[in-house]
Amino acid sequence: MSETDNTVDIVPIRRPVRWHIFVFMLPALIVYSAVMVLPLIETLRLSLYNTVDGQPAFVGLANFKVLFGDARWARDFWNALVNNLIFFAIHMCVQNPIGVALAALLSVPKLRGVAFYRTAMFLPTLLSFVIVGFIWKLILSPIWGVAPWMLDLIGLKFLFAPWLGKSGSALIAVSLISNWQYIGIPMMLIYAALLSIPEEVIEAAECDGITGWAQFWKIKLPLILPAIGIISILTFVGNFNAFDLVYTVQGALAGPDMSTDILGTLLYRTFFGFQLQLGDRSMGATIATVMFLIILAGVSLYLFVIQRRMRRYQF
Amino acid sequence: MGSLQLKSIRKTYGTHEVLKGIDLEVKDGEFVIFVGPSGCGKSTLLRSIAGLEDVTSGAVVINGRDETLTPPAKRGIAMVFQSYALYPHLTVKDNMGLGLKQAGTAKDEIDKRVGKASGMLSLEPYLARRPAELSGGQRQRVAIGRAIVREPELFLFDEPLSNLDAALRVQTRLEIARLHRSLKATMIYVTHDQVEAMTLADKIVVLNAGAIEQIGSPMELYKRPANVFVAGFIGSPQMNFIAAEKVGDHSAKTIGVRPEHLTLSREQGTWVAKVVHVEHLGADTIIYLESDQCGLLTARLFGEHQYEPDEIVYATPDQAHVHRFDVDDQAIR
Amino acid sequence: ADVTLTVESWRNDDLQIWQEKIIPAFEAKNPGIKIVFSPTAPTEYNASLNAKLDAGSAGDIITCRPFDASLELFNKKQLADITSLPGMENFSPVAKAAWSTDDGKSTFCVPMASVIHGFIYNKDAFDKLGISVPKTQDEFYAALDKIKADGTYIPLAMGTKDLWEAATMGYQNIGPNYWKGEDGRAALIAGKQKLTDADWVKPYEELAKWKPYLGDGFEAQTYSDSQNLFTLGRAAIYPAGSWEIALFNSQAQFKMGAFPPPVPKAGDTGYISDHPDIGVALNAKSTHAEEAKKFLSWVASPEFADIYANSLPGFFSLNSSPVKMSDPLAQEFVSWRGPYKSTVRSTYQILSRGTPNLENETWVESANVINGTDTPAVAAKKLQDGLDSWYKPAK
Amino acid sequence: MSKARTSPIRTGLVHLALGAYTLVALFPVFLTIVNSFKDRASIFREPLMIPTPSTFSLVGYQTVLGQGDFATYFQNSFIVTIVSILLVLLFGAMAAFALSEYRFRGNMLLGLYMAIGIMIPIRLGTVAILQGMVAAGLVNTLTALILVYTAQGIPLAIFILSEFMRTVSDDLKNAGRIDGLSEYAIFFRLVLPLVRPAMATVAVFTMIPIWNDLWFPLILAPSEATKTVTLGSQIFIGQFVTNWNAVLAALSLAILPILVLYVIFSRQLIRGITSGAVK
Amino acid sequence: MGSLQLKSIRKTYGTHEVLKGIDLEVKDGEFVIFVGPSGCGKSTLLRSIAGLEDVTSGAVVINGRDETLTPPAKRGIAMVFQSYALYPHLTVKDNMGLGLKQAGTAKDEIDKRVGKASGMLSLEPYLARRPAELSGGQRQRVAIGRAIVREPELFLFDEPLSNLDAALRVQTRLEIARLHRSLKATMIYVTHDQVEAMTLADKIVVLNAGAIEQIGSPMELYKRPANVFVAGFIGSPQMNFIAAEKVGDHSAKTIGVRPEHLTLSREQGTWVAKVVHVEHLGADTIIYLESDQCGLLTARLFGEHQYEPDEIVYATPDQAHVHRFDVDDQAIR
């Protein structure tokens, strides 16, 4: 084992050009830039334009002024942002810890049936939103619902409420559905990270009397910290881009009363339009730009501060 | 306190039988050394004692209790791994202290013990470093330190000194001997270093291909090897083996003479031979000879001696130290 | 070689009818032209259509949403002007209004069908409970009370989960009776009335009264839940749109009837929402404009109207020449066109051009009112404030 | 058989916990599949019931198989998914290696640039992408989809793989260099096999959104010959009437192939264990 | 062909200077051994020669060309890592063959060379295994095998035999010596084993704390250590150091006598001392003495000798082999 510490920058003595770096980067750069970045820039550019007298015109930051200055836009935006933060917080507090815990359990040595468990737990992640939305609406439905029926079985029917329909609980319910669906992602990543910890280090811990919970906490967790960093940032990025699930479960207007509206749904509604609302590319791009900046801030924080500080261990 | 019994331990990997029924009794406080050729199963045996490896059959009895199924953490052992197995994310200090911390030892006590161990192993300057920033020998010392701070009743060492330089090696060896005396702990130690084996052990266990060849005190093995394998394995350079009939001895199949029990003379002696190669070690001189009668011979002389290749010399075995083996390679006593 | 025309549509539901009836009928008459009906899930339609039109990969024939959504496409010159297309004379200006410029000079879609709101009820249930079809508001509530008291049926099958149900089946259904149909709608557009006026708040007050008659957990009841509740015979009255007819006919095991939104007081003029819903247009960039026009003309013909209205009972032809329909429930709906005054949904024309979008707000507020989250007055105020923020009718 | 390092009680508890969550995970999936075999009325009336002779119905599957050429749709989905995964893995791993292995000026910024892709939904770029594809004549080809999905998958692949590649021992790569391996050989022969668990993970993560994507097939390749399963299933989602039997049947069918892919990839996870590499 | 020059190589980790300006000349075909205490920078120096470590300053000249910036793959070297660094996903055979395969060597040729190397290292039974299934010594042999199949001009060995048992060690050592002769390759070898260093090296480089203490042939270092450090480091057990004034010698600060140059007698001699501890190694006996005059002394006697702790003996240094050091710890010649 050894470790690279990224903070120490070795002053390179003038090296010959390392062409292989270009070769390694090139295919990804080309495809990615041409098919993804350029179109996206093209779109984000629209945030500086708007239709003035029927003609597209450069308006500078006026769109942003509207977004934050206009009471209605601002209300929608902040509502979505706050909801999004809650959405993210629930993922961080429910999905990721459970995912990590499941991965830890799966990596218990010599456990039988791991492949089955892993596949079963990952299955929800494989499902399309259409199914997830449908089946959970059905389960939680007060009319046909499985949930009320099951609560009834254990005599807790009174606990049941039409969660998806109440503004107080809808966001939490949708977040939990999303957690259910995506728990496989942190689980897989952490599982892969756990697998790469050398057996001998774990054995040394066993001999040292560090077993079970303590072993996870003191040995495994520090060693998989980079993977946990990844799942956190992926959750962050994923949640701030999320859209489909809310859209399929709660509709584009993210009811009831906008209580499940997150940045993603706000953006899609604005950009592509919905029902009678016409797509407003400029304002959509403006929202997208703001979202991009929020996410960029998060990712940069991760890349430049957290990831750099984080120690990685080579196995 | 730290007695150990192994009852016909067997271990197979797939179809490959690595341990072929090991029976061994280690008394409390004994210092037992496992030696044997590379790949003979020393590490595997050690790991089985630790509980890291599930044995295929047999029982591990510690302090009279059958602990075959006890998890390693509950066996009250400390182990030094051949591959170190340091915790990469912890500093040297924490690597050593983690086990104690886990056991709930007071902070002062931990500091005291870590301080003592790191002093003993000359690790003080590195206490704040992480394993990746250490040299091979330093890592190995940390691994030793981690085991000894825990002061258990049973120590398992897997080639703990293999990466240390001679001076440090002697020093660490003496420390381990002192530790053994002061803790009165049982120690089981794997090494391939003859000096370590001879000086540290109460009892040496010679393993070969997963089975025990001989158990005995160091001098017993040196003086009365039970068979050709042990005779050849203990002692360096290796014992010279000569087909007995070549030298006119018909009561044995093979006779063996250690290099240090051959005297050389330019004038006269038992076997005539030609010098092939000379190694000057300073304190000793190793002379490789080719004799028509006995084949290749090695002689070890104390101090410095000038022999040139192709010189003709006479080698004389010390009759008191000639070993004789039968057709089954067993020693004839 | 044959020319293939692709029809973009959100009407997945109609795929079979197009493949089995409409396309064969057209192709039989027009050799050399092949039609491919290529529907998209309705939620994705607008976005994907816009993208394809912008990039120039959309089909030749575009199915049009009513009013502003299509007008916008026409303004961007993505739909061709078909004012003078042969066959357009088959439609009255009212029918064409949904797909014409504000000044009515240019038309860009051939009107296909409209839908009518009302209530469908379970005849068996009414018979069993001895309820007669309510004509007025009071009778309506009396009927609901009676059903509720009996307990066998949920009085009203409607949920607020999907929002639009509350707005479309509730608000737009009963609203015209209070705001007086086209008069109120025009006044609102002209700025002479406001959504906070009594005529516009009243429908909300009525909706608020519905709450006790809805099923348990109606807040999480989706549109398809409502449909199923009704067709499975668990609910007595279904605030409906005429498009339900086909489905209900195939699903319900009991006799059904329909009644128009009850009038506030006996003797009041009744209004119904008879809302143009589907049209078809020509993609301005189509490379087969001639063939496409042939097709559009055919869609404008009585022949198409007949096929369409009869295959899809509940989608009523907008063609001037009357279509004979065989479905009794559909006939019942269409029979209201005479005695009741028709109007279109209040939010569709002009008023939903800006942000915040009045239609969307109406969805949210209608649900809020029923859920009790907002009082009718508050809801109305929110809507009006939203409208005021961008709509300046005086200009 | 009981072992020193696995106590039956602990193992039992672990199984209990895993089993419990497995139920949570599987129950809704079970419901989906069960309901896809029932008639519409009983889907809603008794969603929990196993299909009985009276409620059993294959109407969903009949509709699906009768409607359109689902075999082709499956084939299209397969081709698009697999080719995209392969390209994402290859290009992504190469770039991740460059970013994690070498220090060069702009390394961090390049990393950030490559990460932009996970920060903005690619759907927003639809119009420009579609225009590009129209210009390149790729509309209604699977190539268009593959290109988009490859571009879409690369950032995540780089993000995850570079993190894992940092854990590959330097000594090992150095041993390769000493052995005369070129940087390419080190990448292909040493690093790639050693990050197999991560590659499997990335493959799975890439695969899901591609398989389930509706948007780009709709925009870029809606033709009958290039339709994917997910797009094909959308036929059953209508404005007023959603044919849940058919949707459930189609999507249940679509789970199977992706499940197979998942199992294949997740196997790779276990194979690539690197213990005992370096001491 | 395989000459090497190091020009004031410096290497710092952060603020920690690990190599403090190393100058060294290695001629083509020479066998150079680096020795030094654990952590003195041997591995770092080797890695710098290989090009695996970017030196902070200085130049590495191979065959007269400055290769400081050449990537390792282009330096035509083979290296055995202290940590083995085997490819975990490849079998033993492929581990050894990969470099050749990469170089486009024909399959037969690869098989031949791998066969030869694995025969030499007794690895045949393990060719199809992966590193995780090997014992420590087997892994080390694979690492050696991987280096030697490539037959380059410059070999770098980092403690290649540390995990081998004595017999195998001697055998492998001889193989390496033979390889050196047959390939005429230059070899640079790190070890902490005195016997290896003495027998293999043309030239030993003694490192201490990142600097060279002395360079010389084995016997030179043994007989004429340049300073106290080298004197103490070369030879095991360590040389005895005695404060010169205690024994009445005022021309030096310290005098040094190797244990093998002390003779013991029960009757008479230069220094009187008490036996503290006796180690029986079979071929030798090490006797630890405590003397009022000279402090702790170690004596090494050939063969077996019976001394008991607390016995009083006389130790006499062999005057021809007494080393004298000045106040700067430099040898006085």
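Letters are used for the chains, namely A, B, C, D and E, taken in the order the chains are written, and counting of residues starts over at 1 for each.
Operating definition for what follows: contacts are C-beta pairs under 8 Å (C-beta built on N, C-alpha and C of every residue); 3 or more make two chains touch, one makes a residue touch a chain.
Chain identities (UniProt): A = ABC transporter permease; B, E = ABC transporter ATP-binding protein; D = Transmembrane component of ABC transporter.
All of these numbers come straight from a predicted model, not from anything done at the bench.
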The chains touching both chain A and chain C are D
For chain C and chain E, the contact-path distance works out to 2
Most heavily contacting pair of chains is A-D
Distance between the CA centroids of chain A and chain D (whole Å) is 16
Cα centre of chain C to Cα centre of chain D, whole Å, reads 40
Chain-centre distance (mean CA atoms) for chain D and chain E, in whole Å, is 54
Taking each chain's mean CA coordinate, chain B and chain D are separated, in whole Å, by 53
Two or more other chains are touched by the chain E residues 13, 83, 133-134, 136
In chain C, the residues touching two or more other chains are 43, 225, 228
Within chain D, the set of residues that touch 2 or more other chains is 3, 5, 44-45, 126-127, 169, 171, 182, 214, 237, 244, 272, 274-279
In the complex, the residues of chain C that touch chain A are 43, 46-47, 50, 67-69, 72, 75, 159-164, 215-222, 225, 228-229, 347-348, 352-353, 355-360, 363-364, 367-368, 371, 373-374, 386, 389
Interface with chain B, chain E side, in the complex: residues 13, 35-39, 42-44, 82-83, 126, 133-138, 141, 158-159, 162-170, 192-195, 198-199, 218-219, 222-223, 232-238, 258-260, 279-284, 286, 300, 302-303
Chain D partner, complex, touching residues on chain C are 10-13, 15, 36, 38-44, 48, 51-52, 54-57, 224-225, 228, 231-232, 241, 243-244, 247, 251
In the complex, the residues of chain D that touch chain C are 40-41, 44-45, 67, 126-127, 130-131, 133-134, 139, 214-215, 218-219, 222, 224, 234-242, 244
Contacts from chain D onto chain A in the complex sit at residues 3, 5-6, 10-11, 14-15, 17-19, 21-22, 24-26, 28-29, 31-32, 35, 43-48, 87, 90-92, 94-95, 97-99, 102-104, 108, 110-129, 132, 147-148, 150-152, 154-156, 158-160, 163-164, 166-171, 182-184, 187, 197-198, 200-201, 204-205, 208, 211-212, 214, 230, 233, 237, 244, 247-248, 251-252, 254-255, 258-259, 262-263, 266-267, 269-270, 272-278
